[in-house]
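Order of writing sets the chain letters: A, B, C and D. Residues in each chain are counted from 1.
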Amino acid sequence: MTISSKSIDVGVLGATGTVGQQLIALLDGHPWFNLTWLAASHRSERRRYADATKWRLPTSRPEQVADMIVNACAPPGAPKLIFSGLDASVAGDVEATFAEAGHTIISNANNHRMEADVPLLVPEINRNHLELLTQQTTQRGWSGRIVTNPNCSTIILTMALAPLLSLGLRAVNVTTLQAISGAGYPGLASLDIVGNVIPFISGEEEKIESETKKVFGSLKDGSVEPHGVAISAHTARVPVINGHTMMISVGLNCPASIDDLLGNFREFSGPPKVTTLPTAPKNPVIYLDQPDRPQPRLDVDRDRGMTVTVGRLRPCPLLDFKFVALGHNTIRGAAGAAVLNAELMCADGLF
Amino acid sequence: MTISSKSIDVGVLGATGTVGQQLIALLDGHPWFNLTWLAASHRSERRRYADATKWRLPTSRPEQVADMIVNACAPPGAPKLIFSGLDASVAGDVEATFAEAGHTIISNANNHRMEADVPLLVPEINRNHLELLTQQTTQRGWSGRIVTNPNCSTIILTMALAPLLSLGLRAVNVTTLQAISGAGYPGLASLDIVGNVIPFISGEEEKIESETKKVFGSLKDGSVEPHGVAISAHTARVPVINGHTMMISVGLNCPASIDDLLGNFREFSGPPKVTTLPTAPKNPVIYLDQPDRPQPRLDVDRDRGMTVTVGRLRPCPLLDFKFVALGHNTIRGAAGAAVLNAELMCADGLF
Amino acid sequence: MTISSKSIDVGVLGATGTVGQQLIALLDGHPWFNLTWLAASHRSERRRYADATKWRLPTSRPEQVADMIVNACAPPGAPKLIFSGLDASVAGDVEATFAEAGHTIISNANNHRMEADVPLLVPEINRNHLELLTQQTTQRGWSGRIVTNPNCSTIILTMALAPLLSLGLRAVNVTTLQAISGAGYPGLASLDIVGNVIPFISGEEEKIESETKKVFGSLKDGSVEPHGVAISAHTARVPVINGHTMMISVGLNCPASIDDLLGNFREFSGPPKVTTLPTAPKNPVIYLDQPDRPQPRLDVDRDRGMTVTVGRLRPCPLLDFKFVALGHNTIRGAAGAAVLNAELMCADGLF
Amino acid sequence: MTISSKSIDVGVLGATGTVGQQLIALLDGHPWFNLTWLAASHRSERRRYADATKWRLPTSRPEQVADMIVNACAPPGAPKLIFSGLDASVAGDVEATFAEAGHTIISNANNHRMEADVPLLVPEINRNHLELLTQQTTQRGWSGRIVTNPNCSTIILTMALAPLLSLGLRAVNVTTLQAISGAGYPGLASLDIVGNVIPFISGEEEKIESETKKVFGSLKDGSVEPHGVAISAHTARVPVINGHTMMISVGLNCPASIDDLLGNFREFSGPPKVTTLPTAPKNPVIYLDQPDRPQPRLDVDRDRGMTVTVGRLRPCPLLDFKFVALGHNTIRGAAGAAVLNAELMCADGLF
């Protein structure tokens, strides 16, 4: 993996939106990637990025993008490696158009996630799913390809569960307490969430239930056989800016003790090729011993928002064990996940 | 039940605290009860109530209590019917002393809840548990007695589950998103909860798991045989003022459809003797059809905070069904529960 | 004032919006007014109110309106007395059309507020401004008329200042900490205001500065001569649901002591004809002695949200005195103000 | 200023508290200072720092302090340069004892701030006030000395006003919207501030009014002649974690235009010796052009929390101009201020 500094030109689709802004922030100063191209909807087209965008992150807008001109969401002139932070209402067709035109699309949108020949990639977990790209190329006749990351909740959940996979994951019940940044901008009306809880996020429970099985699935005959875990998700929105907190119960096929699980959490790591990627966290999962952790305010930014923290492991009277997990929904759960996916593809020589 | 107006003198133990203030607010204008006596810790003793107490409810402090003198927590001079909003650190002994001295204690504290001869009463659910008082009197040789209401989360949970009891409640997984008022005052530090979630409430999960089984238990040979339901609770604190929201999954022994459960929720009612009590809600459980309800901000005050609202009933991939419930933790879950318990005892001729 | 029960039919323009919903809630059970007609934008036209509206108030939607059909915003079929909760983007023309067609419009919109022949009415303060209606009728040739209430902040501010008018109000500096409900729905994005302060509300400072002078102005030759007070407003949005808090400094022309001002606050009342109106608060202004009051959570709902609370009166090193005021922005500051205006007109025989 | 790396040993008094933790976080990795000594109250004495302290910052507790043993608050064994994050209830005597024993105390407590021979230092503004130390040494006969930084609000306010000093600052009206972290831990009860505003902070207005005059004062005959500005402060607490927002009106002696003030804000800088200190922000004051800025969530962390941001400059109908300012209360307003003060003293050869 001797990728020379800033040697890979990249672009961002949906550059003015929430995920797009976070992508731009993460690509600023990236050792391999050189952001050269931005695109967004017609409203922003041909405008200076600084004029077209109300920057909403607490970190400053990178200097270099201020004067870049926002392009239309069309392939001509775009670099080969493209991050897509597009909204699902338009991502499906635009991403396919780019892939057909020879671009590698690293997408955060949900449109192509569950298609049989599209990797739903979490590098620490299912790096081998990139083999689906062979099918994708063959079947679609595209010169490019699409790789997706799961929904923010699914990424955080699968990272928290991955250390337990070897114990035979049989059943999962998860309740998510999700941050408002997950809804994009403007997202939720303040009157709906200040001092309140909304116990409903449209489509979220279904995504968690289906995507988790694909992420944990096995490659078989050129497609993914979903993992057999039974999974039920409850999702709620809470007045937190960043960080999805999850209350998780698990049933395991193998007999195991609290210490076994603690050991698994503490020893979990991705494959060496992943852990050395620029955006990879030193520890993808960290177990916290304090009885009241993890908490969004104190733990969400660990390792630049790329680490999933876990705590409160204890027996479950109904399944086998229960615990709490937390992850940064717009970094580990979205933009950071996409950047890590792109890094892995470059390191694997797939780009 | 021909109880004449304001004919029953009552007192409040722990009158300056959070539950005590809520009790005083609910007793103001009560048709049967006449608040004549207040008691609190040494710090407040012999002071005017208005001087001893920083009133923290949005409703005004009832005029009549301002000039009442706060008594010591000792029986002399106290009326026979006493509400206890004492903190668990002192409630155990004080309540026993009053009961021994001939007072009827309606307690919100957890000290005596799980004792074999003490009713853990939710009038709509287990009114017959009052029969334990016979045992209590015999065994303890007290001329008075103690009746308790469950923990706030348990009350709301059991109310939400009660309509499903007839379907054979086999398993329950519940995650609570609890309001900060449940922690009393000063309770949580603001730095800990503003824009945050704390996934831990000391002792709460154990209380929910054990108290629920007692509330739903059967009387047998003078004590309560706990209900056999397997129950697992996850508890979290969220930045909501009032209202515990619960994400609930249930497993049932009987085959049942969504429509069966909806019917049960809609038809649920307490026994007629309960539903006509002054503090009883018109409908103890209300099912809301909107997909994003119940929510604390919109639903917590229904029927003066005494109704538990339920919604989002849907199949559960792991157990059988899942849904959301909400109740007012300091009214239905504490002070209102105690007042309703007292009303039932009066109506039943037990006082 | 012998108005018989429910004898006056009224309608609501903008019935599906935030102010419209609050108007409907306040008109429910009103002793004089009988709500018979609702209108809203094209999107809602001809639909059942319950279908056209997502009810967003914590109090239940009044039963009677559920099945009412939403009309177009046009006069035919509308009752003579109309409340307008229309958005400023459309209120100007629609209200004029109704007034021309003979309707009395009680408007919360800002479009006509500063017109010379339109009363900007706060019944406790400038009841005599209703005399402008003579000019309005003459000049415009309308058979109906328009009466407006000030902006929410202006109403609360003028109520808090009214007791000091007799001391020669010379200068006012006010900083408002405004609740999010003042921005309507969806209003502010939650990401903008959760755990945050936004020190800008478009147009608000100008409205406060100009409207206050008109409210306090004197009738002269058929128009209002603005009050000469110098006034500077700073406005900020804070994450509070209901209740605008105001930090006010005043300069007075007359020598006065703290006790003089306290006396004025405590003795302030509207004219008897106003204080006996159904929606009038018992005390339009209440001074609270506690050092940390008023606060939105504890004081905003006093007297059904119609009372303005004041506290912390102390000397100002720059002007003469400073103090804090609070009022309910959607009740005293909007819907309740409109209802009170309508009541006054009926009592004054102007309708 | 050729101070060699980590060459100066420092200690922290009140190391377990809120300010102490922030001091430790800022000293971690400091180029000059080497943290070798921690002290706190009796409760923590002789315990490992990690055991004695519940770390409450979102950034991780520096590794190096975990095993340090917490000392008593007494001079023996302490390094010569000591930061004091002690609570005002104990800071007065403890700091004097250390100064008498030859230590240089950089204090954040308010006890000694207004004493005539104690510098109330803001390096960018009144670096020359360090000359008071000559008096202090002479008068007190101490071998050490005490230097203080102002109250958090005063620092932010004086930084925002400093660029206007040359225009003849005549009058200031300021309303602060203060973050909850300013109250320490546990500080405000969550029930008091979630969804609420508290328009009172004990002693805060007096501190702002008196300290500002001292910070801006002139040295004369060995003491500080207070600046003649007339200043009035209103203070409120809002549910924001970090960042005090201030709504400021100013009256100036010199005729000046908006452009003059904008120029002053944009060109403001501290003396070169200050701007090159390790903790000094690149720009101590930044003017933001967007109409709705600064805001805590977006701007509080600029330049590691050391920059004060200003915006919304506009004419004031009452005084001359009004604008908004924002600063990080626990960094620029407390721990960062103390570290900057210590750096200046080292650079000035005063330590």
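Convention: a contact is a pair of C-beta atoms (placed from the backbone, for glycine too) under 8 Å apart; a residue touches a chain by one contact, two chains touch by 3 or more.
From a predicted model like this one, the values you see are computed outputs, not experimental measurements.
Engineer: Of the chain pairs B-C and B-D, which one is connected by the greater count of C-beta contacts?
Structural biologist: Looking at B-C and B-D side by side, B-D shows more C-beta contacts.
Engineer: Please flag the chain sitting at the greatest distance from chain C, going by CA centroids.
Structural biologist: In terms of C-alpha centroids, the chain at the greatest distance from chain C is A.
Engineer: Using mean CA coordinates as chain centres, what's the gap between chain C and chain D in Å?
Structural biologist: Centres of chain C and chain D (C-alpha means) sit 42 Å apart.
Engineer: Find the geometric centre of each of chain B and chain C from their Cα atoms only, then give the gap between the two centres in Å, rounded to an integer.
Structural biologist: So the centroids are 40 Å from each other.
Engineer: With centres defined as the mean C-alpha position, give me the chain B-chain D separation in Å.
Structural biologist: Those two chain centres are 48 Å apart.
Engineer: Got the chain B residues that touch at least 2 other chains?
Structural biologist: Residues 56, 194-195, 239-241, 297-298 of chain B each touch two or more of the other chains.
Engineer: Give every residue of chain D touching chain C within the complex, in rising order.
Structural biologist: 171-173, 175, 177, 195-200, 209, 230-232, 234, 236, 238-241, 243, 245, 247, 249, 291-298, 311-312, 316-319, 322, 324
Engineer: Once bound in the complex, which stretches of chain B touch chain D?
Structural biologist: 56, 180-181, 185-195, 239-241
Engineer: Over in the complex, which chain C residues touch chain B? Could you list them?
Structural biologist: For chain C paired with chain B, touching residues are 56-60, 194-195, 241, 297-302.
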